[in-house]
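Labels run A, B, C and D following the written order; every chain starts at residue 1.
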């Protein structure tokens, strides 16, 4: 399974997605498992490895939680029968892609646990930078760990603080004093739904409302899908607590540290129909295309995107440059998690199985081809080659992000530096490797502009991180 | 499973796809099961209900056939182990959508059977119009039927004729004298691969070559996917026989009857990167968009397609009208066969779960929205409504095919007339139902033009059929 | 799967079981799928490879048959949901072990087919000796075969004869003129349930009644399990036809040929609680033990059976000899179809995993150990060895059947002669191979006696067959 | 799944089994996952709900543990591929039946966890009586619980003590000062295999040796199955630690408290071929039968056991009384976890589906029928009735254990008192309920005798417990 995920990512040559979280509290007491299912389904692009749902009944016996988790996509793990067995009007859900912690059933989320005040279900998107130290410290206090995910460390801190806190939200607040790094959390206690976001606001988290129900979700597309209205984003450093009385906000940690939203959410991770921290993802991609047209102009007959994620930037390039937009590729939508990858030796290639060129659209033409990012470069040369085989006279590649050069410590899965095509290569050298007639990347200076002038983290492109990266990675010890 | 397919079709409001066939003979003796897998994968859009592969070794014991069939998608039915257990250098494959015959494991293809001269594996795309009569006739001769598919009737006729024919291809030729309707066949006998197409040429079938292997496939996109070169289309009425000696052609039935290619292959069924009977599917859709712009012009700010199939026509409309092309929808690519449909009563809607609007792209704009077809109209009003909710000032719908009005007897699954939105309604009445500001369909006179002036069947739009439809449908009796 | 079955048989060192058939017609119109489930469950010992159920509603649309088949045990193939989807008050079921025809899903029974007069579902236990000739003849008439089982040949003959017969039962009667060998058939047509037995009566078939329902089953234990009363056995050569009017009998073929019941049903196949052709299986095994005590006496402290099938004969030996009966083995009841067999090289042995000795019971004792049969002898030496290891002073083996020496053409799966331990070995030589202190087999002369003086087939022991075996086995050609 | 287990237990009318544990350390470095598989397979009768294996390589990276757990039987959860993916020469395994903690995947064992000194895998058989208090105490210290099983509480205590202990075994010893109740533990740390037994010795645990490998197992039958020799039982209160240097024993807790072996292991739980604490289970059952013959004699023609567990006592009764032993029942060995239970309303009964009477054996006879225990009595009346229907003249029931009257706090699952047939009924009243001609139970005074004069716990029969039962059961709070 895992194997196949790696295949997929390699085939697409994209950084690994991270995770998606979802929570809902229906004050009218309706069962909400199916709503969580659709919410997770809308967030599926954020994690295809495992998923889970945990629900509870706020009027039922305190601490009774129904949960179901499994390896695979939302529609593989859940069927109608399983959803019907999840009873409750409050719940959380999670889709996972493993950035830290092995890809096993044990590591699937939400974590459901009993602690001093009953039960807690926790869904986490992000990556802590001090998890190894915290784990070690907890272990010295006699803690046992049944997973290898950061989320268990967070859960422990909440549980410890809960002993000396009046409320669950206070325990969360205290735990947040200890944990460092990227985390968007959705937490369910027997009578409360809580959402929390790290002070940098690396990963998105927003609040929605549908009738008498409040919703928390990684992206607004999940709100649209379930028919909820967008209320607002959770602020960096904020804790929101939803109870029968409404929403309470704890902003004590807000603006204590510099905000640094992950720019890669805008470039690739998020769905284009989402709006994150006030900025439309679609618009930011369109703008990236426009900037490319301004900064890396070239004469051509057609601008095309590498589907799906390159299309918006291609449209932006077209609008800015006046060169007609076109479709050059047909993508096979049936490639799934369990797809058998062609052997290296076979005549079939992974790229061709997934992508075919519309000869009709490119034959005899000078083509500008736009992709949102290049990681290893394994796919780009194949696509350039396919366009030439289909009769393209010239192939000019434009990339709507800067070259990847640095590791991410905040939840994005980038391969080791040696595997990055941009590592130790000039743009001209990369151009030669992929065989394009010209190559242009988005300039780092454009990143903040494309993200609507939000304060962003550009660590993976610049090596400048908003928080000091860990000195040494001792995580390995805890990996099974 | 079946239930879910119907859901999918309803959600998309499209006519049912039909089937896809694939065959390969590798003269070098290489195992070809994996190649068939990729070929079927490229044809998956033609049938998602069941699939199967049958292979044989031309140097092995005569009549030894390995086969594997199952309900579901190609990557659900096959895994690496199953493919490795299929040994042979000659084989056929099939993806199925049930137009006739119940959706059961028994009806999955290829049919593998023993007859007088050993084994035969047969994959069929199409629908016979005289199957009931032929079944009855065979039954009176003592035949037994273990499936309810037309293909078994074809197999019987080949077997009967084989007794008095010198060769398998001669038996196929004689059988083709008896069967009437739509059929593209790929047949494997122990030492031969045969392809045959009905005299009208309803369904596509083409020949490819890869090294020392010949390939037969429903569409050229399957050739591209496996890295084979296009050789030519099988002619309407032609039988091609591939042996170690090469390709032989039997054209005795060609041009005896009027050619009538299914125009809906161009409108919706086929993949846009396929070229059928010399006409690019993508180009024909682009042209349909252009004709719509000519015949149903309207002033607007943006032209958008309903993904995926409406995009090409939208681009054509944009190119012809000069109105900018844009993207207005994000489609959730994870909706699969086993997706749980929202209940009518729930707040989630099937359409919204699958499709979301890019508010950014349409807000405050006059939008021309292009879809390739409307069947029941269940989806169109939702989409129009979603665009308005997202702030579109005007919504003008254009459909790149004429209104559906008649049943198809040749392999397309159209609902009963009473369920068709165009039945007993004027275009203006339909416009009111779906709530668009204006509505325009492609004119029937444009159909032949869009298909590169090929002779086409337009029965579902006009009621004019190239072959007389059956007087009464007695198929029911044989349905289990 | 298949692999595992072979493992099981080898571990037990028993001839292959055959098949079990079941049919029921409830005149009150109740759904009977669940009853068939329990009936098949009681017959599971007759075949663990695949199973199936086909039902119809005698008041419903003629020819509407619901069926479900699959590889595996009855409780693996069926669940509550599947049973609930099988609607009808008339039905047939089958459990299969492959004696002829490959072990594939295609070969699972009941065969469900359409023919001239509607539908037919057929379940068959036995093996034809002229199937290859009949297949060839049918093939020359243009027949196609989708399975490699004899039952399809029978179905074809019924279908052919049905064309010129007034009734289905007449067609069955005419078909029985053509087919030769062993067959107990249960056949369902839209309004009739039929049972038929070959003129020799090789395989059992009995009639039962429960309230307003008639039942047909391979063994009476299936009647007991569903709470039906035993009515009578179907006679060798008889056809019984059950309709709303009651049971009709066609005995035209009875007593035309010599009766020859398979004696191995009494020795090993049938469940001890069944009564076949008037003779209690349990009693016949008890008698076999008594004859062994008479013919192969030995002084000892305890008589034990190799479980389960050796226990009855051991009790008989004890009763006759006066030597106390005891239990020496504990069998692990959880060994299932999917059990992983220890590798030859590993320290675990297949026998020990399945069987353990009760040291307490045998230590310091002279033990008489009784098994019902020895095929390859692979297990016997292990068991003798285990008894000695557990402290038995002497181990005397007695076998409640004669040595296997000949192939069976009538439905029992005996390995090739070279693999039989008795082939080319004297009893003394066999004793040395298995390492027992003494060895005694049941004498052939006792076989008829143990079977209550019924006329029996002893072919596998004596080489004397009631029907001439086929000259050459041309079946291979039709095997896939 | 769970549902079906309850069905099984009800059908058998037996108390719930508990759990089985297994561990092995191969000093030669061989992979031992397959050996654990066979070991668990031999212990399957102790738990059919879930199972798991965890292995490690003592030469590999410290703390690397491969594990696999799942719901179901050993041969359902594991296949060859899964076993091959478990690498290591040290490992533990578990089969589970839930006495405490819900029946979910989360609660499957072995527990695998990281703690201060690396990893720990723990398999537990038994039930703590102070688990709720310990849980609460841990929770107040900030602990989180991801399961609802006692074993997690044990693991926590070991982890806490590990911080201040030099060795893992010392931590186990200190933890054992805190926990009270029944526990047989097998624990794997990266370089050690440990076994521990509570001071009362409620549940069995023994040591075996195979070549250069040491083995720990719940019962000796597991040693026999894998070809290991029995070394000795772990003593009540003892901790054994197996390292490359050999076995070390810590007996500080031994003989500090009164030994109290569970007598129900001898009566029903354990396999008859096991020897526990020096007493043969088979022999103890034989003796129980003898005592019944002495204390509850009756004149009859035959003594039969209710299979499987009543057979040994029946043989003992026969040997003591001189009344011939016989077989009266045939049990269907194919009833599995997923078997569909007949509806109350249907004509089929659960008992008859599972058990059939050998009419031949009992017709016209006075029958003594021996079962090992009666819980609800739901089955006994059916069996008595079946014997009468089969023609038995008299039916005298004897039970080789006393009447169940009290709850068990040490790992046996007995229904609530109100459901016990013996609750508020005299033996004569019970006799009337089940319809036997006479009824006799084993006298409590015979229990210690049957168990070879070992000190035993007879709480469930007498209400006298070796440890004070918990005042109130607060476990519920922690149940999900």
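The rule is short, and it goes like this: a contact is a pair of C-beta atoms (placed from the backbone, for glycine too) under 8 Å apart; a residue touches a chain by one contact, two chains touch by 3 or more.
Predicted model, so just to flag it, every value in this text is computed and none were measured.
If you take chain C and chain D together, no chain is in touch with both. Taking each chain's centre as the mean of its C-alpha atoms, the one that lies farthest from the centre of chain D is B.
A straight line joining the Cα centres of chain B and chain C is 47 Å long.
One inter-chain figure worth recording: chain A and chain B are separated by 36 Å, centre to centre, where each centre is the mean of the chain's CA atoms. Annotation: 59 Å between the Cα-based centres of chain B and chain D.
Residue positions of chain C touching 2 or more other chains: there are none.
Contact residues of chain B toward chain A in the complex are 34-35, 37-38, 41-42, 44-45, 73-76, 78-80, 83, 210-211, 221, 224-227, 271-273, 280, 282-283, 308, 311-312, 315, 319, 324-327, 330, 332-336, 338-340, 342-343, 346-349, 352-353, 356-361. Listing the residues of chain B that touch chain C in their complex gives 63-65, 67, 105-106, 111-116, 118-120, 135, 139-146, 148, 152, 155-156, 159-163, 477-478, 480.
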